[in-house]
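First chain written, first letter: the chains are A, B, C, D and E, and each begins at residue 1.
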């Protein structure tokens, strides 16, 4: 891989009327990486992708692809291809004609383009479906046709806008695996838009967390999850227990805002089990069994409601009923201090607030 | 709670032409329970719900609500209400008029019905949105309006058909919490249709797993997850490592088909750590970091590919690269013997098959 | 599910049945009268005859008028096709000032009474007489095309709106030029809507009389004009009935085709 | 971008603005002219006489009002008849039959307008089929027959958009209403009707405008009735008073434009 | 419009040159005709006098059928036509409007044997100059259903003062020219008005006729403008008495559903006399002259008259009719009968009977007619 990035965005800005969908964004994506854009609805992910693909012209800023300035160039002239959320398969063409379309517009002969298209279909294991219409395929199959169609023209990067958004859970998990495999095989950059944090975490080499048209944090899944730079990221990527200044002082005995992941906390009934590590006492409010794990909601005596995630692994744990008095312990190094710069838009969704969840406008 | 069930279905059958959408179903749902129907697409969940609501007339069988035979009664006469997947809010009415509609048709006076509707909106924290049109609300807000509209008429049971299907992940998690709270407050039965197993597990008192118009298994989340009655259930509810007869004999040294959950397996690099428990050797194929957990894919020497789920809790674990030789151990009592009666329709989705995933037609 | 209660369903079905009867009784009467031996359709018919059918098949006047109408309809529909499609594309694929007014402008010719359109066009054409404009086939076609544009426009616009832009974007993304995208992606997608629009436009032109009355010159006699002139003559009125009966029956073919072509619900926008 | 937009928009705009609006403008201008009473030549000198005539002679007011009532009556009848028919087609009939019904309601449009109007003449005449069916009662020729005939002629133009309107209403809204305890009647009144109202408005554009300009059907079944278009036609063709005819044309012109502006907000124009 | 002519409001006839001799046929002919005047076999293969004309002269005929006199005038103004079969209520408008040229009757040999009582009349000539060739004529007779209207009426009072006896079943011709019928009636029944000619009405006389017609309207079932409608109206019983044409009565007789009779009442009647006129802007004048001669030739004139149902202008036509009694039925050569008829002519400010300059013009009649219908 050369030092030159596959995609370089410089001060990219896109305004729709008075709305800044993308706001002075700088970003470099390397060839061969699986890069995800994660963020709440309306944070500008799609807009960035469409600017890269050439469907939108940026208001200001430049787009470089493989060292060449592409700002203002039409989509057809860019060496990247897109997989659309709704697949955008041509309904009047057979599957193989869909896949061959990019070759057809390039003037590739009938026989050759059919051969190449069939090869591409083979890589997504749809050889047998070549002569069907898109309407005769299931969601997952259509998804794969869209992938074959975008890859048959050998793009240098693939842009995917929530490609799995329309699939149901089981199929989605299956397609995640296939996507990752395909990216390995092709060795090109995948720029992947999602608002599903689990998906982003498991698939990506790097993730950019978007908020209000800007990147809130950029890093590997582990960096984001384990070292969230802001309350927004801590909250948006995975779930977090947040300690504001007051509770941090009362519970942790430290100054500043802190967060800790639910799986880093341990609940004990006996105080001595927590010995050696910092701990706090509280009462079990709810235990939610979730198959591979159990989530416990604990009201600390200091008044903070926190969430603890226990793996239902082979260790046998005691049943903890509501109202049980417990000790919650943690390791000091799992506490994360937050720069509380990021705006507070996402909420700690799966811990019921004692005072009721505040109203939110986004969807 | 009286002994009488809230809903009793007896030999309920619904045919569409030659298709049996529901097939001689018997089911009792108690007042006050959160009851989920889980199952793949087309398994008949919606049809059962619509029979209970009165939108479909069963081909045969009876529907009793609170001891009264309701078969053949129109929807309007049944003491249950429905929350529709697409919300089915009346687009031409304001939010408060939507909520008040059920009272209006009952002849409640203008002032009183507005008051009651505002109260209902308050319980879903949407007082400030009373005069908006549904189109001006976000998905989650619409969902809550639909809830308020269905509950303001004080139904004795609430039927919900994938109410969260259209919401994105964060919002969905938030709404799950709110739904559960609402059910606590109202104290009525919720009959909840979903094909998201996590959702079903965390929310439900009891779950019925549907397959082909029949109930494959009925029980608490723990019963279903820990003691799946069939391969179908083991596979559909959570992920499982399945041992067919051959591998069971080779790896486990036992006769029959077995399953074990990924989180019940432990990976060690040193053989002695696995001492005292049954174990097998293999090679790490892939490690997928997922924030609160890490999924490891291991190819056992016997040829079986299995998946291990590790919690990223405060215990520090060594990094395991691809190709690392490992020992995988388990507890005998976590193995589940399967009656391999159920049809094989779902697949172990998140473990890539070494030989490529087979083609599937469902979506 | 049955969306209406049984009594409501019965009422609504009854309305439908009555409605269909109302729609078809006059047509049946037309067919009946085409066999009525009375020249003035006296009811009940004093007797039946095939004479009018024989006459109709030998009526060169009707045949010529039919040919004229078909030509006028085809030309008007073709112009409407081109102009309506262009306008629909402009409105659906571009943002520009005054975009909202296009709907209004396009819909105006069909909603203003034909007599106004007719007088206005006729005055203008006559005023342009010195420039060599004479009333004739061309002016009839211009008149018809003007009020047919909206039919194609609405059909295509609705189709484009439902289609969204992603297919066209996908084509561009794969390297397709503007024309390639139009020919290979957009056109096949809107083909049904175009065909349905053209058929309906043709139908509208085919039965138009008022605007035609004012814009047709001496040598142009469309079918409705022929009917108008002959219906009032007892010698000819029965033959007119035959022609109308034949048209009604033949009409099922284009109507059915347009139904098929336009596919889903919006099909049948008028 | 600009060039392509110009290419697309130019020809249709040119056609509609130059040919159509231009002609309307010519018509409006001529409404301020007068005519030489003897030779019938139009004299292009500005005068408000034509408008003065229209506003002072009670004849024109009376006939305009009658025409308005006819147009509204026709629209109302068509709405009332089309509503249950469209409801049946969209929500009661089996989906596989829908295309068939659509064909059934569209086909009558192809039978000649004149021939259909004449058929109605025969229907309503004394001793005609209606009289035979009702034991002698028939509206006879006149205003009621005119309204009935026009309502018949334009009915398909109402059914089709209303059908499309019903088709766009999800079944779940009906179900939600029943679920909340509403009767069928109530559901139709409070849910179905408001939702298809814009479609009814779209249909009414046709029924209203076509009725407002009719002068032929009324001549066939109207007995001694005359409508606004008869006056326009009479002034233009019989009296050869083109300027007065042009001035009279302004009445339906204004009526229809006002109607369109009024319904524009409902989005009905796009449903036409 | 807009092309000025020399005609002013004074009523002088524009000077338009008359053809002196015939030249070669132009190969085309555009004419405006009453339905049935130019049959080319397309309606009924047996009824065809256009095709032989075309074969004889090489003039290709394009006939535009007009529904009313007014439409004819309107169409003639376009200048696209060579000639027209104008009725008396259109002729003078065309003459004074400069739309038609004087006719050189010497170039139309068949003119010689045209009924003399049709020559040099107010509706087809000005100052002794013929502006057309008479073609055929008929009376607007009083027709009544003999089973209902008893005793047989002999006066137009059946549709005016006594119309109420058949309220709702009286019919009248739907045209401003029908005002003349009322004037004719008033001429006999209200001498104080001093009506001399039903087409030359002072304002006061016109108002009297209009109020009579307004009163009549209460009894009217429908006005008729085309004769299919008139036949149906009588046949169905919608109308039992009213003004009509002989051809309508004949049609009703042939259907035998109702029994009707016609009469020219004692007051006399209005009627029409059609005249072929040549356009002042004719592009094919020679073909038009050929046509005027052809259409008044005995055989063709007989054919047209029988097909259309009117009295032929050509006296020799009576020998050519297929129905030997045709001319008798239609009183074709009956000068006394013809004398009872006040043929349609266009009312002008300059009274058409020459009585003065204070008559009401046709445009006023139109407005009044619209007012009568209300």
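The rule we apply is simple: contacts are C-beta pairs under 8 Å (C-beta built on N, C-alpha and C of every residue); 3 or more make two chains touch, one makes a residue touch a chain.
This is a predicted model, so every value here is computed, not measured.
Student: Under the touch criterion given at the top, what is the topological distance in steps from chain A to chain E?
Tutor: 2
Student: Count the C-beta pairs in contact for every pair of chains, then give the pair with the highest total.
Tutor: Greatest count of contact pairs is found between chains C-D.
Student: Average the CA atoms of each chain to get its centre, and name the chain whose centre is farthest from that of chain A.
Tutor: E
Student: For chain B and chain E, let me know how many angstrom lie between their CA-based centres, rounded off.
Tutor: Chain centroid spacing, chain B to chain E, equals 89 Å.
Student: Can you compute the centre-to-centre distance for chain A and chain C, using the mean CA position of each chain? Integer Å is fine.
Tutor: Spacing between the chain centres: roughly 53 Å.
Student: Report the inter-centroid distance (CA atoms only) between chain C and chain E in whole Å.
Tutor: Result: the chain centres lie 38 Å from each other.
Student: Distance-wise, how many Å sit between the C-alpha centres of chain A and chain B, to the nearest whole number?
Tutor: Spacing between the chain centres: roughly 23 Å.
Student: Which residues of chain D are in contact with two or more other chains?
Tutor: Counting only residues that touch two or more other chains, chain D contributes 122, 125, 127-128, 175, 183, 236, 242.
Student: Please output the residue numbers of chain E that touch at least 2 other chains, ranges allowed.
Tutor: Residues 1-2, 225, 229, 232, 236.
Student: Which residues of chain C are in contact with two or more other chains?
Tutor: 1, 5, 41, 43, 127, 228, 231, 237
Student: Mind pulling up the chain E residues that touch chain C in the complex?
Tutor: Listed in rising order, the residues of chain E that touch chain C are 1-2, 30, 32, 35-36, 40-45, 62, 64-65, 67, 75, 78-81, 225-229, 231-232, 235-236, 251, 255-257, 307.
Student: What residues of chain C sit close enough to touch chain E in their complex?
Tutor: Touching chain E from chain C are residues 38-43, 46, 55, 58-62, 64, 126-127, 129, 134-135, 217-219, 228-237, 239.
Student: Considering only the defined contacts, which chain D positions touch chain E in the complex?
Tutor: Touching chain E: residues 35-42, 44, 57, 59, 62-63, 121-122, 125-128, 140-141, 219-220, 222-226, 230-231, 234-242 of chain D.
Student: How about chain C: which of its residues touch chain D in the complex?
Tutor: Against chain D, the touching part of chain C is residues 1-5, 7-9, 11-13, 15-16, 19-20, 22-27, 29-30, 33, 41, 43-44, 82-84, 86-87, 89-90, 94, 96, 103-117, 119-121, 123-124, 127, 142, 145-146, 149-150, 154, 157-158, 178, 203, 206-207, 209-210, 223-224, 227-228, 231, 237, 240-241, 243-245, 247-248, 250-252, 254-256, 259-260, 265-270.
Student: Would you pull the chain A residues touching chain C in the complex into a rising list?
Tutor: Chain A reaches chain C through residues 53-55, 74-76, 81-82, 84, 86, 88-92, 101-102, 104-106, 149-150, 153.
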